[in-house]
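The first chain written gets the first letter, and so on, giving A, B, C and D; residue counts start at 1 in each chain.
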Amino acid sequence: MKMQKLNGYTLITYKDLTLRNGVLVQGLPGIGLVGKIAVDYIVSSLNLEKVAEIIGPGIMLPSGNVGVYVTNEGWLQLPSYKFYVYNGSERDILFLTSEVQPATWAQHEVAERVLDLFVSMGGREVVGVCGTAVEEPEARVYYALASGTVIDKLEALGARRSGGGTITGACGLLPALASLRGLDAFVLMGSTQTSEPNFIAAKEVITALSKLYGLNVNLEEIEKVIAKIKEKEEEALRIAETAKQKEGEQFPSWYV
Amino acid sequence: MKMQKLNGYTLITYKDLTLRNGVLVQGLPGIGLVGKIAVDYIVSSLNLEKVAEIIGPGIMLPSGNVGVYVTNEGWLQLPSYKFYVYNGSERDILFLTSEVQPATWAQHEVAERVLDLFVSMGGREVVGVCGTAVEEPEARVYYALASGTVIDKLEALGARRSGGGTITGACGLLPALASLRGLDAFVLMGSTQTSEPNFIAAKEVITALSKLYGLNVNLEEIEKVIAKIKEKEEEALRIAETAKQKEGEQFPSWYV
Amino acid sequence: MKMQKLNGYTLITYKDLTLRNGVLVQGLPGIGLVGKIAVDYIVSSLNLEKVAEIIGPGIMLPSGNVGVYVTNEGWLQLPSYKFYVYNGSERDILFLTSEVQPATWAQHEVAERVLDLFVSMGGREVVGVCGTAVEEPEARVYYALASGTVIDKLEALGARRSGGGTITGACGLLPALASLRGLDAFVLMGSTQTSEPNFIAAKEVITALSKLYGLNVNLEEIEKVIAKIKEKEEEALRIAETAKQKEGEQFPSWYV
Amino acid sequence: MKMQKLNGYTLITYKDLTLRNGVLVQGLPGIGLVGKIAVDYIVSSLNLEKVAEIIGPGIMLPSGNVGVYVTNEGWLQLPSYKFYVYNGSERDILFLTSEVQPATWAQHEVAERVLDLFVSMGGREVVGVCGTAVEEPEARVYYALASGTVIDKLEALGARRSGGGTITGACGLLPALASLRGLDAFVLMGSTQTSEPNFIAAKEVITALSKLYGLNVNLEEIEKVIAKIKEKEEEALRIAETAKQKEGEQFPSWYV
């Protein structure tokens, strides 16, 4: 374990890394939790090793308070940016997730510290993954560009180009700042109708990332979760339907 | 493209510039959008080249969130201070606009970074343009002084001297800080009765700037916009009038 | 005019100063405006020269917005800390006032910049003057101590020792920080029943300062203001009384 | 008295210290005031000497305003972090308390300054003491771990391992940051059902600390306070009971 001070932040390195043609994939809490679910699932499914953490004043509890988590085993844990590495056959991918987005006033400084770290390891390409609110029911993958060099592979992937709007938080900020450093950079968004955790949209993002970077992620677990949620929703529908019919028994429809 | 770090802000220079007897004209969002409309119109009408941008923590989305814009073509764009250059026959003018005013806590540091840049290019004179709320219906141009050296030309212009009050935001702050560096500095304000985007007041400011700095700005487009708005307002009035008359048909006036 | 950068603040010096056994008297807006009225009155009455100003991010418009004042003559004026000098027969006094208190997050850094300046000029003693809310109707002068060296002269003055409580804002902070630098330091408070501008309490503070430092302040003007306010209050009372009597004519008292 | 500037904070040292195998015990205001009562009681009971203070922008009045206290004797007192030393037979303990928790944005920088100071004195072990909200009526001591080296002695103490959750504020943050510096670190929490000052929980914490570090703290005074509070509560209960019975005399129960 190595510790470095970075302008009020602390970088904890568990393993010295050089990335071959490195990619950074960042998935933090946000719309439909799409980005965080996607990255957490890949990390867990590929059993990736945690190689670094960043802690500091702008990375707080989700309540907005400064503080720490206590694990079920009674250990203190600072909210942090956590980095996991995947060594692919051709290039290495650094996955980044956290319990929280940085505080508003800290978004820029935290993003710059992440890029400092990533570039120092040999990073070349930055991807922000998150959700995007849409009206259409189907979950699809949209992309937005910070640099032109990635258009072809995103089009080849079958992702749709995003229309105009805004992306709040770190998902768009990190790639935008990365492109200013000459890195390839873009955003991948899973579309979602609700702000509830959306595992279907996350699965679409996982699939897209897998195609882009040759990941071999087993989707069984997330499909089970999706099936379970679908089942529950259908059961809730059936109950509501039955209730309606019972009401129908008691009150003729013109009565309402 | 050249990048420089400035106390947490990033200056992106697309073109190295030396300004001959340089003027800086800043028009940001504010009362009646007068300043921003004026500068945007001049930049677009004279087809000026973007020469620099400043991004950083205090320049956020208008919602107060950190984040990025996505253009209709799917490109990420950081909210930023954007600089455009006009090479006049005698002196060069740097126009500055943005989608937003800096956050309150960042107004001073952003203004100081702008002045650092401007002075390093050979700048001499700073103008803040914006709207000012008045009760009179006519749009007029008012000025307020940060340095005495500019009185004569502003009086010659036919602008009115502002009475007492306050100017919030960057419009007054930038010239005030500029005068402390020994630059000539003042504010030009287009008077507006409403806080709605006021194109008439903006046109007055454009005309004043054109006279002051020998700009040759074609006003046709802004006049079309003004005419269109006037037409719509008149139509709305006609509809309201007709509605009143119809009411009159149904209910005699003493009935109300 | 000389300009110096101090950690994001700017010190503007109009005149180089060395203070003989220097005293700093700070009176900013606060309870009953007592401190500000007292210092403004002394500065105006003794016609003191402005020798320095401090401007910067924590010194904002009273609205909490960043911005500038426009004088009735159309000049931009940054809200600022303003320093005026009085050359006494034995020691020199620097009076400090402003349109505002610094923002909460800036109180410490602004106070430290003030002390840096004051100590560099040869300052020895710091006085915060302000109001204190009491229930008693009479305006009296209370003192609170940051250093023990000044007790005797404050007791000799006839001021009362303050009881326990808190002093919010710069009035107590500046002397407390000053005493940590080894300066003599205390607070003088004029007691007030209301939070309205209290000229009577301010006059008491002026009188106390005059005795302490041998100032020769003509109190005629402030006594006129006090008399005028008293007159208006009495007239308001008379009107209310008359109104009551008239009501008495119309409605017998048992009717209400 | 020695003063040192630490990134905007001021360290006031009344006595130069080297700690033998030093322990830092921090108890600040928080849930049930448990941590602050415990540390204040030990400091007062063992009559410990104040050896240092930290003041600065993030350490404000509890109201969230910047300002100072005035003691009953009329002395200004800055809110501060106060350090007291206990020289044990084998190791030295530094007790830390304050009137307040640092402002949210200052928690990290204040904690880092405390650790800088503590490490420079030869510190090895950091304990945060505070309250934890539980549903069970009995006051018990829970612990949470920042480093594994302390498990055995905490288990030997008979304290219970905390379950999962969060600890807001400095109580968990300080040990968590300490462990990153290689210090032994943990949290001791007295469980409380209410957010009112809980002297019973504080006594449990005092007892635990006494066992851990061989302190000889006389508990008589805190037991008197506890007995007094119990008495008052019982009296309040009796009054409520009597009132109920009287109501019973006037209104038969079915009437209500």
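For the reader, a short list of remarks on this structure follows.
As a convention for this text, contacts are C-beta pairs under 8 Å (C-beta built on N, C-alpha and C of every residue); 3 or more make two chains touch, one makes a residue touch a chain.
Here the structure is a predicted model, which is why all the values come from computation and not from measurement.
Path length between chain A and chain C in the touching-chain graph (shortest route): 2.
Of all residue numbers used where chain B meets chain C, under half belong to both copies. The two sides are thus made of different residues.
As a whole-number value, the distance joining the C-alpha centres of chain A and chain B reads 39 Å.
Separating the CA-averaged centres of chain B and chain D is a span of 54 Å.
Across the assembly, chain B contributes residues 105 that each touch 2 or more other chains. The touch graph of the protein chains shown is a ring with every node of degree two. By the definition of touch given earlier, these chain pairs are in contact: A-B, A-D, B-C, C-D.
Listed in rising order, the residues of chain B touching chain C in the complex are 104-105, 107-109, 143-146, 161-170, 172-173, 175-177, 179-181, 185-187.
In the complex of the two chains, the chain A residues touching chain D come out as 3, 8, 10, 12, 55-57, 60-61, 63-78, 105.
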